[in-house]
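Structures given as structure tokens follow.
One chain, chain A, appears in both complexes that follow, with chain B as partner in the first and chain C in the second.
== the complex of A and B ==
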């Protein structure tokens, strides 16, 4: 009898190339933003309503460079990748050049994220 | 040279879960993966099960995951794969029947759901229904599909929900939607605008990379999305 033996791990092991990685990062980025916005709303609620120390702790966590650096990565990547998908869906002719469009996306992303990392490191060094 | 071939085996009569088995095979760099499987079945283990028919990349029977990516075993040469062990696994997203054989019924049900045949009730002309070279060119790419399922079973959207019609069905719908002689384009677009239609495609491109016929599948899906959104086939 036929049976399905399919796991997340098998799917992740599929060698789909750069565009599959972009899709995965896009999904992870979406989740990261939900977690950030959720934490932000929850922390603000606790601090404003109860003056809670736990809310202040959450604020300290998401304002730390270790949280901000990956968050900026996912937010910028999610925005640029979303823009690439909208562009390709709107103009299907561009789908023939998807490889070039994907490289263009990385060419915009790398200096932009590099700038963010520069400011984060500058903030750490200056002790702000 | 000797090559290690690691195959995901499953015998429904004796195994609870699939398991890997490694074979050592003498092979030439110009041998195809299908040749290796034939050697294993012929000389080492006759119980190995896999589909094959024409062995020339036309029938689409021997699509499988080779070194982690969907390919036709009859079109994949040993020299084009990375050195070391060659891993051969069944297609993802479909139920496993035995070894490398999967249940293709859901795949063909999706294919049939998009009416993959010419619909035209108008009285036929004295000779043939004429079509200009430009009109033929419009859907030329999607006529090349051999229904091997390499695209549909490489799609994460299909892995997560088997009710998604999948890239192969959409490609075959495209072949008729953009055919100037066909009259059922609107009906096909209605079918594909369903919640399990084209909008399940997240432009991941696995299908385009997996297609052994090099069909621009994601482009075909994009053209259908656009046709649904604009109501125009231009």
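== the complex of A and C ==
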């Protein structure tokens, strides 16, 4: 038990910097999307074929801003981060500027996600 | 920093899936962009609100745009072209996602007897979701 706690703690304290945060968010976001898309396809199948109310229940959850805000965060981050990975894999010389590229990625991400948050909040305010 | 040497990988299952992840990721970005642009060509600026446009961009299914000002979705928004688009997006999306799940699982379990068993299970889940998605697309 103590040894396990030790590894967890070391894992949390590991100073991978910005690129490690990007790796972690990419992984968590990917898992979140697999679960979301899987449940969504399954629910639409049940609704379409058996007229089940399960799909409608899930749609109400999906449409809530508390679900949409993190989902959009993960989708946009995963797309941008994946694009960065493809670019750096294709042009390995750019790996030297890994840190800078990761900061550049956040500079693209923040206004894009800010726009999404603006529309979500505008939707709440107008009572959609 | 020293120049990094990049090893040239041999053709293996891992290399093919590594390549597939990149190609399908780019393809999903491209197909999303096509759906977005085509929506604007078909008049999304007048007909759709923001959440509806986002739903259509992620997956161009007519059920995603029913609550909009579109007078008749069968005029342009639901036809064989969009069905083919949806099948391609569903194939890339499901394969990309479940391969990612496989990579994450194999990162944590290592080279044990569980690895081939979970690979088989993920393959069955992949088959199930692909068939179900194509069924939903063709029936909607």
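The criterion applied here is as follows: the second predicted complex is superposed on the first by the 116 of 128 C-alpha atoms of A that agree within 3 Å, B and C clash if a C-alpha of one lies under 4 Å from a C-alpha of the other, contacts with A are read in each partner's own complex, and residues count from 1 in each chain.
The criterion applied here is as follows: a residue touches a chain if its C-beta (ideal position, glycine included) is under 8 Å from a C-beta of that chain, and two chains touch if they have at least 3 such contacts.
It should be emphasised that the depicted structure is a prediction, and the values quoted were computed from it without experimental measurement.
In the superposition on chain A, contact of A:41 is made with chain C only, not with chain B.
In the superposition on chain A, A:19 makes contact with chain B only, not with chain C.
Using the contact criterion defined above for the overlaid structures, shared-chain residue A:30 touches chain C, although it does not reach chain B.
When both complexes are overlaid on chain A, the residue A:10 reaches chain B alone and has no touch with chain C. Of the two partner chains placed by superposition, chain B and chain C are both touched by A:92.
Once chain A of one complex is fitted onto chain A of the other, the partner contacts of A:125 are absent, as it touches neither chain B nor chain C.
The residues of chain A shared by its contacts with chain B and with chain C are 85, 89, 92-93, 95-96.
Partner chain B is touched in their complex by these residues of chain A: 1-6, 10-11, 13-17, 19-20, 23, 85, 88-90, 92-93, 95-96, 98. Contact residues of chain C toward chain A in the complex are 1, 3-4, 6, 22, 25-26, 29, 50-51, 58, 63, 90, 93-94, 97-98, 100-101, 104, 129, 132-133, 135-136, 139-140. Looking at the complex, you find that chain B touches chain A at residues 10, 12, 17-18, 65, 67-69, 92-97, 102-103, 154, 156, 159, 202-206, 208-209, 216, 218-219, 222-223, 225-226.
Those residues of chain A that touch chain C in the shared complex are 27, 30-31, 33-34, 37-38, 41-42, 44-45, 48-49, 63, 75, 79, 82-83, 85-86, 89, 92-93, 95-96, 119, 123.
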